[in-house]
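Let me give you the structure first, and then I'll get to my questions.
Chain naming follows the written order as A, B and C, and within any one chain the residues start at number 1.
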């Protein structure tokens, strides 16, 4: 998306709200144009769903539960975990990074607006497509091929959706924070790889937190990344209820607020540093 | 034969020096690539915290599989990553330059990029593999190390040929993004685990069509003494390397012909 | 002496897929692909002697770059023969590559992040230039092109003019027999252009280098190339001395006439006066533009007739230099018949 597109999107708009919407709409058009690429990009993350399916199937041969999860639950976990992780995918991240290279005009025009919100709005266009395709993969592979379970109860389902939304926003903010690092390095790929890898581990995507070795579990439970995948899934599977569940939700929400504050502090700081350096 | 190879390595060296000009980027790419490999290892270690064997394989034995695949691909990254630039070169006309120089276009394309963080990946792969071997109670014979070395080298040829082949889609669909070659390349992750656990479909794909299994599973079974393994399995890496290299050479010729407008 | 570059009946066709728009079009194309055949080069004959310097000129899409690609071995002909230094480029591509050199104006062949001298060394290696010859070549090139201060600089830090000089040097490290220059002076300022032209000229004279130049810059052509080949719509429409172009095509001339104020309806009397000799008379807000055939009547006579018949305030004779002709060719204002005569497009 060129800075000219951005200008056009922003010109003649009145409220900040509608500016954000038109930004999102512009990238949505772009994203739809690249739907085949996105299809492949999301698809390739599901390779590991297949691998994990077979690995866990072998593990569960001859036992009913591992760390409190049954085979049905584990299978469900794997599919939905990857589905959630792919809601905010590669393109969303690189879109946020790209603007730092090309978005000088946006800087100028956006100063009255919030840069963080602007980035989120722009990325939303790609996220809609990536998320949509991810959901399709999740449903097709999950329901048709791997026979995943439904949520544990209606209450679980609702809590799942709530936690999913908070987790989704959390991931967007984390990716945003990482994207700020492109002020100092041209290699967006390296940043994306690092972020993806750490996210896969600490969010509980590659393996449920409950299975991790003690020290890693402690680290993961403290960080906000668990709110992206692990917490919503705990509600879905019904493994966290009552006060424990409420605690999880509270932690998730608290982290979201904290990340929002950190993000806003971070980008303002970054701008100032870059201005001083004349980057 | 020697001269083109010498030029090839000189070109690689140039790319390496170019990459090191951008120091921060180089390290970030290296760290990022290693972290990606670590995800698989973290999974394995966690997995084996709850399970003692996977399809009859122990953690250490599976680490040998992981190491073989990682090393093969890491070396490929060091020397043949330029194929990922083929699409861009074909699209902006830079490929013309390749045709106007008196050395092999394939070698030039291989050297177009040096993803030197391949050193990180292949080093990590070696470490993982050696650790796995050390703890697997391997019966060391005169052919163990040669077969290992052969497997790794053939693995490099295989991964290089496959990534070369898939990127040649650029000759027929210049606008296609690199999603398809990336997807095929990632299928090598299947070969990081014993093929016994997969369904028949995947086993066939990873043995015959994208024979990553031939450079990890089969030679490993022989070396590690897992189950009954016929001796000729020591040659499966050669079969994979030869077959894939031949396929790549064939399609490359056709791709070049297409680019040059032969038959129009 | 046999020609160093020759082509006979050279033809190049392309198959272009015809895709409809949108998703429907893509699917339809997948099921039943339709192609159209475009003939970019349609029976071109060329013969260039060693040491010649030839300009290859034509509007975009005329077949210019396709011909160059055929001569350099990048493309394979659909029909006809082509030979460069006794080698068929598409059959013996690497052998051909050793004899030639190509400078693409828009794309450098230098490696981006390493010092220029390293690029030279690499090229010396790629082209298998023996040590002493390499050193001699580089010394001379550095001297003539004044590359001394640039040798240790990575290509990415050079200005366009500096890079172009280095690219020219790089192209000649292996002492090719034929040099193809594809838009070499694009984006360069006048001083740099002059240096480059001087250099190429000197290489021709001193080393007998054969040069084939495509350029939109008529100054390049005029200064470097005694011979000009014009191609339009896949055919060669002119092949001869640059100066002759004026004589061949410059017979159509225009006089721009400014008339006194209030002189309306001037066209009619003018036409009557000039009826037998003018090709066209166009009215403009300030007067007229009269087009005539200078083979049939001299400009002096035309001016005299006009001055007599009309209240002329000012006259200007439009230039008919080779430049203007070629420029009009590029702008598609001229069309050529197979005989090589030209007609103006109205």
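The working rule: contacts are C-beta pairs under 8 Å (C-beta built on N, C-alpha and C of every residue); 3 or more make two chains touch, one makes a residue touch a chain.
Since the structure is predicted, the reported quantities are computational estimates derived from the model, not experimental observations.
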item: Chains touching both chain A and chain B, listed by label; value: none
item: Chain ID, smallest distance between chain and overall C-alpha centroids; value: B
item: Centroid comparison with chain A (C-alpha atoms), farthest chain; value: C
item: Whole-Å separation of chain centres (CA-atom averages), chain A against chain B; value: 30
item: Centre distance in Å when chain B and chain C are each reduced to the mean of their C-alpha atoms; value: 47
item: Inter-centroid spacing, chain C versus chain A (mean Cα positions, whole Å); value: 54
item: Complex contacts: residues of chain B adjacent to chain C; value: 3, 6-7, 10-11, 14, 17-18, 21, 93-94, 96-97, 99-103, 257, 260-262, 264
item: Touching residues (chain side chain C, partner chain B) in the complex; value: 12-15, 37, 69, 72-76, 78, 90, 93-95, 97-98, 100, 102, 104, 107, 109, 111-114, 118, 122, 125-128, 154
item: Complex contacts: residues of chain A adjacent to chain B; value: 34, 36-37, 39-41, 43-44, 47-48, 50-52, 54-55, 57-59, 66-67, 184-187, 189-194, 196-198, 200-201, 206-207, 211-213, 216
item: Touching residues on chain B, where the partner in the complex is chain A; value: 22, 24-33, 35-36, 38-39, 42-43, 45-47, 49-51, 54-55, 177, 179-180, 182-183, 186-187, 189-190, 193, 196-199, 202
